[in-house]
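Two complexes, one shared chain (chain A), two partners (chain B, chain C).
What follows is the complex of A and B.
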């Protein structure tokens, strides 16, 4: 088919803009609990990944398939990817997909991508907006045996290749890679476009495709919590203690000297 | 945290995915692109830059959402249109006026009463935000009593000649095209008058205490020649005028909820943080009562507007039901603005906080599109069968 055949992985996460105080950890189960007013959203880096794919589609044309893995995915959240210009939405949706780690998530997504057939580019956010592990994208590339370019701030498809500007500590470098390849996208790429009313009404006519583990050739024991390769030893909220100390002196100059002595004692200067 | 809406009765569960998605788009757009401009615009009475904003609104489907897609609209339902008004007015009432004037008062009459040619010519340009319209009904001497209007239209060969004056017209000084109502021999007719037509002048009205982020203008018509092709053929009676007003009144009933939500949220957050006599003011019973009253009235207003939207979608709403929602919800928003203003103490008197801006705007809303009293009389007539608008003296 003409144009670039793309897959974007988008994760539904609790709104990261919610204030930290509302996130509570239940020490008995080692799980996070959330009040109902914290609504789900698509992770922000995954939104940048979606925008990257849309920019390629704007210029070169093509097809965008969105994959989202989880359980009880809110349709108005995940369908936003169709409303902004995605073509097809596949949900890996089952309770057995819950509580996975980076490995089991990457594994399931890779299996789903294989099932979708031919593809040119896969886009992921640089990391999820909840666990921030940043391993799923690279994990998918590893399992599929394709090259990965992390931290893209700009992407452009040219003659069966993709040119990526990737962020490095003191600037960016330009990398070219042939299809198929996986790209993880960073915030510098820019925000996802708004879902316009016309796109929303067009998306209303499309139903997401739902796949269970058996649809991607996996047993329930291979996905989600059961398929984890890491064990979460302890989940806790650090208690931040900020101690202040007032350094005094008869005159400002003396206070300054005392401060310098104190800093030297603390081996700061 | 970004605004998440006031929803004490789980109205969210009654909304479809498409309704929620459109609401969220508008909410984000308003927070990102309009909110930062509002305080200064209101303070200086410099209208929001529509030449820049309107095309963006158009692209997102915020102008004429309910107009069919074949004419450049969005094909939205009434709940989507209502949620749009709510989210726009939460940030600024004048921009909600703009949206509702374009959709309900300019596009709607062209769509319902215009020729196919007029629809194809005007609706897509207005929907795109590149052409701005206004609805010129009110006159210096006739507001509520529109039937007594003095602007006249006389037939002159293939054209019409218009004479008269209009004032308090939203978008009046900047509109590219105006739907002007005038008395013809056979009834009140609607004329499309483009900017720059000879004898037609548009003037900005300043020193307003309300809608300071918007354009409100005066229009004067001095032997203005309008060709027959610019007459809306099916708009020949006051009935058609009222059909337009019903569209806008419905949007207002949701817009008022947005203004009230903004006031309530501001007051609630302020009351939890502001300490007096050694405790947050939210810990005092009188303050709690004010907050509870606001939330209760907002919730009732939401249920009214929601049900009305569904009735309209089913083609079952009566215009008196629209009057009830406009009347109740604007009164409710007026109470919330006043209450929130007072809970913020002196800060409530600053334009830096939303309540006093909403308080000014909602006064205009209380008056336009049928004053509060006029809607009372519409409902009074409906339930008693006795009209109380006019009397012999």
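What follows is the complex of A and C.
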């Protein structure tokens, strides 16, 4: 076997673990504003997807092409995928790609995947770490007409097939599917490995390929905000009232005892 | 152009009974149908649907479309999507609602892309815009740090709904409705994925979704053991279940079935005790419907204290045993 030809879709997002207080919606523009100290990162589940592809490459060999769609993508962020062992980075980068929905994003990614030519496996995260939609992976599979296995926690390629342990509500199932197929990855697969110094140096020298809508056969009216099927009517933050009551004690143990007493007082237990 | 009319709920059943998400969807769907002055219907796919059509009618649906076929015994994306696509095209509803469940998460995006329409997943509120008659789809975004309202002008409008965010109507066994069997030829040649084995990871005791009290542990618990001892003892005293944030699941300390949050289970117990959990928005998304939240964390700045009704700052190894002991005494009185 000449190795497995893989594509991983990675989205650049604002750090989803930034403290909740820094997330502020600007009602005038209907947009999320974040202070500069919140750095862009690769979506968490996309990192897990990258790790899934790397594990296959470790064992079976092959090539990993990373696709990332957006505008003004931070090179040091997206290049992390090369530093950990990706082979090629393609950026769908243009201002017309901005503010797409799952529909326009999946459409553009699918067209880009077609343009790359041959592929055996496509990996996506189970959901993006900003809009939390969980649609793009399955959407790409539908557009390309290939089978999809969502929520993989373990992936192994054997003889032109892929064996996936996929999470189901009370356990997991083992699913087998032939190439080509799309797999979405969940967190139990395991964290993305650290980049080795060699990888970081190699990545620094590599330049990503940049494609505009016309490069993938799309009009600007078909991508990003213009190509959306869902319209954002409003973005807002429901007001939360602080309600906390801290229970004290001389020692942590005493605070624990006092907590029980307080709960009884409040008739909660 | 076909006329799109009515609201349709994709129903889920297990062991001859509707899942609670389905009665919740019927409750939410009923309000939308009333606002539109159109019908509410429900589709049920199974090898045998049993008494569930009657149940769906008692919970507010006007029509039930049933598809019974041996190949529908268990959910399989490639079989189910064929049936659902065909039904959607035949019935051409204005709105399709599914649960944000294992099945809904899988089926809804496939369906939306096949039908060429938009989809909002994980909605917590749905209503009809009185002017445009469009479905206003409210969903949490940025891990729960904001909410977005979406509309979709292409039909049908599809949404998946987060469990426990809508209320079923009162069950009325005398309600009348129509049951419509539909025959769908299932093309087995389109089944490309093969399930080799299903493995159940049994969790002893009360199911998380049904537990009146949940004792959840986070990364700060440090390993699998305390889940079986310190946390389990506390849960037992309160007749509750043990749950967790994502890291303990990812680390293999406990099974996925105990995972609470945006990508885990959505729970709404009377008492939710978060121990050594920092309170990330994605975790809170899974437990914010709880009546009382109690936090135990050594970091006074932890976000969980902003969400909690009661909190104790301290190492859980010291706080929890004393808390459990006192609870036992109080409950024995």
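Here, the second predicted complex is superposed on the first by the 239 of 269 C-alpha atoms of A that agree within 3 Å, B and C clash if a C-alpha of one lies under 4 Å from a C-alpha of the other, contacts with A are read in each partner's own complex, and residues count from 1 in each chain.
Definition applied: a residue touches a chain if its C-beta (ideal position, glycine included) is under 8 Å from a C-beta of that chain, and two chains touch if they have at least 3 such contacts.
From a predicted model like this one, the values you see are computed outputs, not experimental measurements.
A.B. asks: So in the superposed three-chain picture, is A:76 touching just chain B, just chain C, both, or none of them (first/second/both/neither)?
C.D. replies: A:76 contacts chain B only, not chain C.
A.B. asks: Under the stated touch criterion, which partner chain does A:158 make contact with: chain B (first), chain C (second), both, or neither?
C.D. replies: A:158: touches no partner chain.
A.B. asks: In the overlaid three-chain picture, which partner chain does A:134 touch, first (chain B) or second (chain C), both, or neither?
C.D. replies: After superposing on A, A:134 lies in contact with chain C but is clear of chain B.
A.B. asks: Check whether A:210 is in contact with chain B, with chain C, with both or with neither, and answer first, second, both or neither.
C.D. replies: Neither partner.
A.B. asks: With both structures superposed, pick whichever of chain B and chain C touches the larger number of chain A residues.
C.D. replies: Of the two chains, more chain A residues are contacted by C.
A.B. asks: Quick one: is A:19 in contact with chain B, with chain C, with both, or with neither? Answer first, second, both or neither.
C.D. replies: both
A.B. asks: So which bits of chain A does chain B touch that chain C touches too?
C.D. replies: In chain A, positions 17, 19 sit in both the chain B and chain C interfaces.
A.B. asks: Within the complex, which stretch of chain C touches chain A?
C.D. replies: Residue positions touching the partner: 77-78, 101-102, 105-106, 109-110, 112-114, 116-122, 136-137, 139-143, 145-154, 192-203, 238, 246, 249-250, 252, 255-257, 262-263, 270-271, 280-282, 292, 294-296, 303, 305-315, 318-327, 329-331.
A.B. asks: Would you pull the chain A residues touching chain C in the complex into a rising list?
C.D. replies: 14, 16-17, 19-20, 23, 25, 32, 101-103, 106, 126-127, 129-135, 137-139, 141-143, 147-150, 163, 167-178, 181, 186-188, 190-191, 228-238, 240, 242-247, 249, 251-257, 259-264, 268-269
A.B. asks: Which positions of chain B touch chain A when the two form their complex?
C.D. replies: 1-2, 4, 17-18, 20-22, 24-25, 28-29, 59-62, 65, 69, 74-76, 80
A.B. asks: If you look only at chain A, which of its residues touch chain B in the complex?
C.D. replies: Contact set of chain A toward chain B: 15, 17-19, 37, 39, 75-76, 79-80, 83, 194-198, 200-201, 203-204.
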